[in-house]
Each structure stands twice: as C-alpha cells, then as structure tokens.
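Input: structures, listed below.
Here come two complexes built around subunit A, the first alongside subunit B, the second alongside subunit C.
Take a look at the complex of A and B:
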C-alpha cells in the first residue's frame, strides 16, 4: 500500500505534526496539554511515516536499538528525578532544588518540564512500538 | 452554548446506540470514531481542554487505527 499521494502529503504534513506535539509537551505546565497528549501526537507522526514509506525505510530511519535506548534512558531519568523530588520534599531534607522561576514563563514550575519531556519520549516510543507489533509483528 | 451542548449530547446517545445496533464491523469502527470526536468537543464545552486533546489524539486516532488493523488481520471486512 505505497501510494505516491500519501508519500508526498506525508512529507509535507509530518513536520507540522511533530512541531505541534513538541509545543504541547513544552507548554504542558502553563497551558492545556502535557507529556501524554504530546507524546501521543509525536507517536502518530512516526506511525504515519511508517505507513507512507513502508517497513524497510522506517526500520532504517528509526532503529530498534536507538529507540529502546532512548526509552530506557527517559524511564531511568524520570525515576531518579521523581524519587529525588519525593525523598527531599517529603522528609524535610534541605537539598538543592530546581528554581521555581516566575509564573507564566516556560522555565517555571520546577520539576514539571523535565518530567513532561521524559513522559513524552516514553509515550511516543511506546505508541510506535504498539503499532509496529500490531501491523507487521516486528519493530 | 447550552443548546449546542444538548445537541451534541443527543448525537452522542444516538451514536452509542448505533454502535451496538450496526451489523457491519467497519461501520461500527467509524461510528465509534465519530463518538470519540463528539466526546472531545463535549470535553471542551465542559472546560476540560487538556482531556479534549488527549481524547482527540488517543480515542479518535490510535484506537481507530488499532481497531482497523485488527479487523484487517481477522479478515472481518465484507466485500
């Protein structure tokens, strides 16, 4: 199912989908959105690339090793950061914390921005894996 | 805006009844996608735009894609 129209239209539309997903992730703490919705949107753009260009091209572009490495790295990063926040905040230990910044800027809200980015990476890779396993049985 | 919400809710009830009454499986999936999209508009009306984005991306996008793939795999599409 490789049609010329699908390929050309997907070439035009995939960058816009990815920029919208990155916007939803990065502005998740001051406007509607967040890690899960933005990660799903980026995952949909990866799925569209795989449908339009076929299995071999997508498998060369998004290699299994790099995808699983970024997923595990984001998971470990999320666990360390969230655990640090819980331990130092919950038991009253005065370790250095991330600055809060001024309300309304992108760099505000403390731990929310890096946690949102980690969740976005995890969700996008997971959605892509789910589709690939359903569609062709291999990633 | 209240009348709009009521019309959307009636449409939602009609769509959810049609999903269970429909015989053709592909039509069922497409009506389910319409249900999800109307639900996203309704979340926006209920002042929950965060949930509306998630519903439009997951309910109307990913779920429909996986359902259609499953239908193709079990050869449930009638010619």
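Take a look at the complex of A and C:
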C-alpha cells in the first residue's frame, strides 16, 4: 500500500497523533485517559507509519532490538516502582514515597504519572508488534 | 514488623521483574544462569518463609497501602508455605535440567523468551496460591494460562500449534466460567476477599441459594478445565505430549496444581462446608474424580507414545486429587493436598527421564524402548522409582496418599470407592511396569544392545537425582507433612 498521498498526509498527521497520545498519557490521572489509551494512540501512529512507508523503511526506523529494549525497560521500571510501593505499604515501613501534590496539577497523584508513562510505552510497542505480526508476519 | 512477612510478595515480584530483563541479555549462557539464580533465590526465600510460618503461625499480608475490603491481601498458612517451597524447588531443578536439553528442542533466538515465560509462569502460580482475593487469583490464573500456552508453542512444530490452540480455547472457556462465578458472587456479597465473602454468605442465612449453586458449579467446571478434571481433560494429552521436555515437566508437575488449590479454597473457605454439603457438588466431584482415575488409566494403557501415556497418567492422578476433595472429610482433603505434593515431584521426574530416553533413542514409541535398561540403566532405574511411586509401593509418597485415601473413603462408609482406588492402582501397574520389564529383562529385548551405550552424562542426572531424593523424602517424612497440612486446614 505505497501511495504518495498517504505518505504525504501521514507525514503531517503522525506528529499530531503522537502529541495527542502523549497528552492522554500525561493527563491520565486528572482527566479521562491514561497509559493504556494513550499508548494505543501512539501505537496507531507507528502502525500508520508502517502502512504508509512499507515494511523495510519501518523496520529500519523502529528496530526490533530497540523496541524490545524499551518495552522491557518500561516493564522493569513499572515492576520496581510498584513493588517498592507494595512492599513499603505492606510491611508498614515509612520509607519516602512520591508526594501526592495538589489535585489538578500534572505532577500530582503520587505513583500514577510515572506508572502511566511506563504503561504507555509498553502498550504502544505491543500494539505495533501485534499489528506487524498479524499483518506481515515479522516485526 | 518482621521482614520475613514480605518474602511471598518479594518472590512474585522478583520472578516477574527478572523475567523481563532476559530479552535484553545477549548471551544464552547468561540467560540460563540468570533464570537459575532467580529461581534459586526464590527457593531460599520460600524456605525462609516456611520456617517463619512454622515458628510464628499463619499470617495475613496486606499488599500495598490499603486494608482488606479495598486492597488485596495474601493469606500465608502452612499449605501456602509448603506449596511455595514445592513449586520453587521443583522449578529450580527443572530449569537446571533444561540447561542441557533445551538447545536441542527450540531455536536459539527463542531461549530468552522461554526462560522469561517460565519465570512468569512460576510467579503467577505462586501468586494464585498465596492470594486471598478472588479476582487477583483470576488474573494470576489468566497469566499462568497464557504463559503455559507459550511454553508449549515455543517448539514451533505443527503438533505444538494445534495442541496449544486446543489448550487456549478450552482454558479460555474455563476462565470465562470462573469470571462468571465471581460475577455471580459479587452482587450478593459485595466483596472479593475470600474471608469477607464467606462472612457475607453466612449472613445471607439461606437466601439466594440458586445463585450460590450456579456460582459454585461454574467455579468447579472452570477450574476443572484448568486442572484436567475427567471429562474436561481433552486438551491435556496433546499439550503435554508435544511440549519440550522441561515444559512437559513444569506443565504436568506444577501448572495443574494451583487451580485445584484455588478450588479447595473456594469450596471450603469461600462457601464453607455447610453450604457445600447441602449442594451435592462434592458428590459430583467425587464421581468425576473416580471416573477420571479409571478412564485416565485405561486410556494410558492404550497409548503407543510414551509421553502421551504419562500425560494420560496425569489425568488419572488428578482424579485422585479430585477424589480426595469430593470425599468431603478432613482426611480426604489432607490427602488431596498431599497427593498434589507427591504428584508434583514424581511426575516431573518421570517427564524429565522420559525426555532423556526419547532424546537418546530418537523415538517416541513405547515399542522402541525395549531393552533400554541395558543401554541406560540409571535412567530407567529412576523411571522405575517414579513408576513405583505412581503405582503405590510403600515408602514412596504414592502409597501414602492411596492408603490414606482408602482410609478416608472407609471413614465415609462408601466402600465401593475403595474398589475404585484398588482398580486404578492395578491399572497403573498395567502401563508402567511393561516399560520397566521390557527395558530390563527378556532375551530378545536385550539382543544387540550394548551395555551403557547411551548413558547420560552425570551432570545431567544430578537434578533428576535430587528430584528422586525429594520424592523419597516426601514419602519418608509423610507423617510430618500430613501433620502440617492438618494444622494448615484449620
């Protein structure tokens, strides 16, 4: 599906999609949205890039190794952060926690924002992987 | 607050987090070593947790900052602590064995994925055992199902894909039923925590009986699919027979067990004996379990491939576990849990040993294994010990569970079912002993076989020896284990 129109339009549209995705992730804890929905939106932009530019260009741009590294890094980050919160909460140790902040600010809600960002990375890469695997059979 | 209370949560977190650092690593040796090290650390932590429970008794652990009705809690008693030690130690030994066998069975670029899946699988199984929250248990059950599918399909052959698809479809059906069971319970009780659900059900005082009945039956069927209760076992032989050796051992030894434990918790902890006793659900489980014992054994006799035979034997052995639950008295329940332990160590040994035999002879057929006792005497010796335990020869744990199950059956006065146990044991002899006898004896069987020609290297046999040692120890110290399980039930 290599058409000139699609390629040119996608060049204009992809940055906006990604910015909207980042907005949904970052405002997930104070408005509707969050890591999963925002991650899906960013993943859609990656899929659109792959459709517009073909398999080879996309595989060159988004290398499997770097994608899987960011996926695993985000998962480990999520696990360690949430695990820290679980264990300090469960054993009643008063180690420093992330501040709650004032409601309505972006930097508020304790662990929600960093966890949302990690979820966003995981979901965007996973959505892209799913599309690539089912559509063309390789990532 | 004692630090040992955190260990169950730390084990699960460590297994999940470490799993995802494997795809980042480059060398296969490092990945294998990392998988082994994380699982060994979990074993040590589980052992410490067991000692803690032994000295201080059972405890509730709050996960995170919120108390029970809102947050998730872990309930760690004797049974959970024993299962934690059992799962981690068996998984460690299987991973150790897989160092030498996995390269030959799956492609090299899949190895990191394989150890990732094993860590996630064991972590989710432990989570399912530890948790006191129904929905959390459901989530762990789903994770374990998907990871279990992964370690079957990773071999990437035609058989594996069909078997995995069958497993996936059937166990998704089971998951759906379990979710429905939770959905039926939630509106009438308003809780997901097991102890709180029990309190609410007691407070209902006989109202909503039909909803409770529907809920308990969907739970039984759903968890029955996951742990191969008799008419729902159709996925098991394909899946276990086609998977790589170490996967078969994990699937058969570990993955079948936590759903049963969850079923016990749901029956006896969530609903409580008063309600279960008035529903006849236990009789259904008893009858299905005893049919499973017989039919599984007969199907195993008819098999021509050795791995399929052992897989059908798993169906029969899970039949014993359901039989124990269905008896509905204390001894039956204790023996169901004890049989879970004995089956976990025995069946994983058998699968590992059989995998080695298949690798050396290059054939899956039982008839090609004649005279193997001369070529691989030690390996077949280990197989013989496992078979003796399965059949139920004294000292081995299989005997203890069958003996006590028979006693428990007599206690309830249903003498016909004692005959079922005896018949099933005899049928077990019928499929395990021909392999042993044809392997060691018979003029024409041993003709042309060179003594110790296919013997396994010693380093590969060590984990199998440790597993056999564990099996014998389970039999020798059965009284202590049974005593601990009895304390855990209260």
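What to note about this one:
In the analysis below, the second predicted complex is superposed on the first by the 139 of 139 C-alpha atoms of A that agree within 3 Å, B and C clash if a C-alpha of one lies under 4 Å from a C-alpha of the other, contacts with A are read in each partner's own complex, and residues count from 1 in each chain.
Going forward, a contact is a pair of C-beta atoms (placed from the backbone, for glycine too) under 8 Å apart; a residue touches a chain by one contact, two chains touch by 3 or more.
As the structure is a computational prediction, the values presented were derived from the model and not from experiment.
Legend: residue contacts after superposition of the two complexes on their common chain; A:41 is shown touching subunit B, with no touch to subunit C.
Shared-chain residue A:72: touches subunit C; no touch with subunit B. In the superposition on chain A, A:127 makes contact with subunit B only, while subunit C stays out of contact range. In the superposition on chain A, contact is made by A:90 with subunit C only, not with subunit B. Look at A:80: by the touch rule set out above, it reaches subunit C but stays clear of subunit B.
Interface of subunit C with subunit A (complex): residues 1, 3, 5-6, 9-10, 13, 16-17, 20-21, 23-24, 61-66. Within the complex, the subunit A residues that touch subunit B are 24, 32-34, 36-37, 40-41, 43-44, 47, 127, 130-131, 134-135. Put simply, subunit B touches subunit A in their complex at residues 49-50, 52-54, 57-58, 61-62, 65-66, 69-70, 73. Interface residues of subunit A, counted against subunit C in their complex, comprise 68-69, 72-73, 75-76, 79-80, 83, 85-87, 89-93.
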